[in-house]
């Protein structure tokens, strides 16, 4: 009999609940006990936040977005911002307390579902003696060690669905529609949704863009009697020479979350082409909703694989998808770099072949 | 045998194509000829823009957003902006030319699908002798003469679907999500989607809001251990005393299309409650996509009813839905006021009963 | 302070949970207590089946199909099939026990959400002294006293969505697709989904059909170079002369739930036209899933209106939608007849105008 | 400049149009001409069935199910059933005529999108001198040479979506729902949708099932207070000892397309467990509808890769996905066996871990 605890950390991604579902069922099937720690490490700091999980508690959650455990997005337990009596905020290291409670509660393993930040923290606990298994999470699909992460297919589907909707309105009004999607460091969501959603232009961080090139694609469409264009922009895309960032700074617009690169690209296109140009930021829509079938299956596989590692007394490991198989890699090998879009991949070539312009 | 022409004008709404579909089929069934005029009155000015429509041309379009005829959103034919040789833009009255071509082409009737602007123009042509039947269109559902307009149910569904997606992410991160929906003059979309999508707060033009009231609802949620809130804001909602507009002006933000009332409400909530607050503008997503079943049926009924009016040689009339029946009203009675949300309706009462705050 | 109990009975319909949601919130807002009785009257017979409901218990359920309370589909409490010690099943009248417990628990009112069977039972309890408010439920939209019932729009949407999917495959293979939808006594679902989903033929109980007429529509399509056809059949549709039922009996197929009228129509079309013809029964898909925006709003309005009636100490009443308003009608007036499709309605006329054949 | 013709054969799969879209755009971008042959080889037999394809002709089709070219499902061109004057049907070899017209029209290559039957025919034409590139198509994902085929993800999504809908109704009524999905030879769709859709039991051709085992899973659910169960059955699943087929034969039910294994399993469960048990056949719903994002991307990649092979003057090859990359394999290596579900794969293990029973 083992006693396992599971937690979720970082920004949410559709599929988190499916991982929890698989963990609970796979433990239950082995006759183990499972607990969930609320808000990341919350359950290790406050016993009320540590909840028993049975199959009944997780009924149907594989189909639901978000995480039933809540997420720890604020601060690391190694430097938690805590207000003292004088009202000042201090960073306090809670790690010893967490370790003490981890031991006192008699857990055999802690399954941590999180992004690279959360996994690094988990690695530190691993070094302190906690038995940790990591499950990678990033909606952007940009973790280097795993081929795919859950949530990505759902985010791409939401973005593609939005592009489908915008086609009809863009076409009816001879408009240019600029859609900003997630992807601060990599262009995966922009690339996949742009190809699948019939974009004319896709701008990604991996390819600094030239607005002249973008506008000439739009002009080219006009010549071919296609009077509307769809432009997909990853939030981290930047013009050659970094115009965007400067422009943003100039306007003192750091606080304006919505006034990002998409809006700027739209205003430039409007000015240069005199086409009626509108922009839209998909934002949090991409993180929400019921996970796609693809993501459910992937997340369930990750969760079940994590429990199998616990069974084999493997610790300090992360589950990963390599060559379409579930494998484990040491947590210490989780590099923090980003998996970039390979510019020679056949997806980029396909995109160019079907007439998509990358602004280069 | 009659010869009918159909056109679409103004902003698009899901269901336009379904009206066209019904018009074409209902004419075809009577052995009549149907033509479509592209870009509003474009086909009356340029014969290449006047296309023959048969059932085959409209196959399957009842399920597709936008309008296959394109829309005239630029200028009235009574004052069309045209560039002369010197490069100056002059407003030219094209109405005589249109009337001449209408007669020359031998049409018996022109079915105009459009908003109040387009219908007023149609009324002027009616006075000049054109046989006109109007089909009302407004995605905002705010035309006074008809109980419902097509496109509205689809827009509400899109907004509700977005709210569903945002719930999971808001809940996982204890956030306040502010969603701005369409509705410059009336709060129909905000009200319907807010109720159906589980909003905590709905802000509509009909009820000037007080941010203290909004924030106290959010605080109330906290007390009830509900650590997230969803706020739906119609783009035309305004704070008591009109703070929004002033604030917008102050910041010199007229150019920022996306920085509307939703963003402002979010920033105020963030400041006052210290909750992590995000905003999102649904924008054109609400105009796109396949019409819902409800809108398809309504649009098909409007289209078929228009043809029946042509058959009965009724002219200068508009089709309307009154007491769930298709009726006709004189085009001259199409008032330009807006149908506001009735604050005593049971929908408002229902909203309050299920705990929704209107900021009053 | 009042103490209210709510229950659901009969076949499920999307929106049941939304009614419960509104009831709980509207009571909570008035400072009342609400309970839910599981499996219809289960909570009145077994205290463990009577559960306290708070806003927290119903969080998010307005968007979920089914009913959290479970449904009583087996037998009336006035004649409940109960197995005695000898293993024989006897019908026992539990009504006195239910009344006794209703009084002992101190309820002020019982809100019954159910079809005409459940409402008639409620009416009998009302006569025995129970304070009862009825909320009508029928996915078929065929209750005479209310213009609309929740669940219907969702069922129609599911059916229309299926028709959308079948179009592409029917067209690619020059096939006839026959789709059987719900509607034992009335053709509402078939009519609405058939019009919205581009059916060529719609067969409903209100219009006995002639297969020659159906096949001649299919032949007509061929002539117009449309080599595929979509036929929607309500489960209660019958050929002129009642061939279907006889045919079914002949084959001794009463046990074969799926081998209904749709399959028979398909086999006849296959034989007569030599077209590749397939059939499909949508069945329970139509009862499931998240309610549409339309149904959520309607169900929430019904629930809140029921609580307002409780507040006004109205009893023995049913909530109904009349002229788009929530009204109340005496439970004793709930007639058991079915609201049939009006053959002169503009929906039927629209259907014919867009070329749909009813087989007459 | 090259001149390419594309055709589609066999049962349809969502994504066929996306392949055509990519072929047309990729050829157009190279300055080539593209034609589409209707109904498989129809365009080679009747010049009216050979249509020119430009980007304009394929606008938006990547998002649409079916195939704009129609499919050849009837007979091989090497043995085409043709009626002679006496009304007798004879099998005629049309291959010489096709080759003659292929040469006369001056095509450089024929891109054949089809299943193993169509690809074998293509291989025979290849041996006769036609330049052929194959694109594999099977909605069942059971072609051995390629990791994935387009259409599969969409079919799985449709099935999963149906399971989602059935959960609420099954749960509300304490029912067993049996859902029959596609998969005559392999259980891919059943496995993927069953895992993602929360099935309790999955029956696939690869694992002969024992109804006692199925019923004991359902009884087990009851013990755990889960009073409903979802059973997914691939159409080719068979009981140990082949009961199904015999039972089917016994009843003389070969003609009843819908009365398959699902219905039989349901009736057995009903009898053995006395639970209210219903069955549903998803059938053609799984072939229809807009392809998912995943399938669109995959199909576009296949299409573009096919054109790159044409560019490199590779012939007699088929595009395949191997190790997530587009590669080419000789058409003659296209084996006709089926890719079966690997019973040791982590998907099966995951399924068992989350409590799914395979009836073994």
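Chains: A, B, C and D, in written order; residue numbering restarts at 1 for each.
The rule is short, and it goes like this: a residue touches a chain if its C-beta (ideal position, glycine included) is under 8 Å from a C-beta of that chain, and two chains touch if they have at least 3 such contacts.
Computed from a predicted structure; not experimentally measured.
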Taking each chain's C-alpha mean as its centre, the one farthest from chain B: D
Averaged-CA centre spacing for the pair chain B and chain A, given as whole angstrom: 34
Gap in Å, rounded to a whole number, between the CA centres of chain C and chain B: 32
CA centroid of chain B to CA centroid of chain D, Å: 41
Multi-partner residues of chain B (at least 2 other chains): 164, 167
Complete list of chain pairs which touch one another: A-B, A-D, B-C, C-D
Contact set on chain B toward chain C in their complex: 21-22, 25-26, 28-29, 55-56, 59-60, 62-63, 147, 153, 156-157, 160, 164, 167, 192-193, 195-198, 224-226, 290, 292-294, 296-297, 300-301, 304-305, 307-308, 323-326, 346-347, 349-350, 352-355
Sites on chain A touched by chain B in the complex: 8, 11-12, 14, 16, 64-67, 70-71, 73, 158, 162, 164-169, 171-174, 177, 255-259, 263, 267, 278-281, 283-285, 287-289
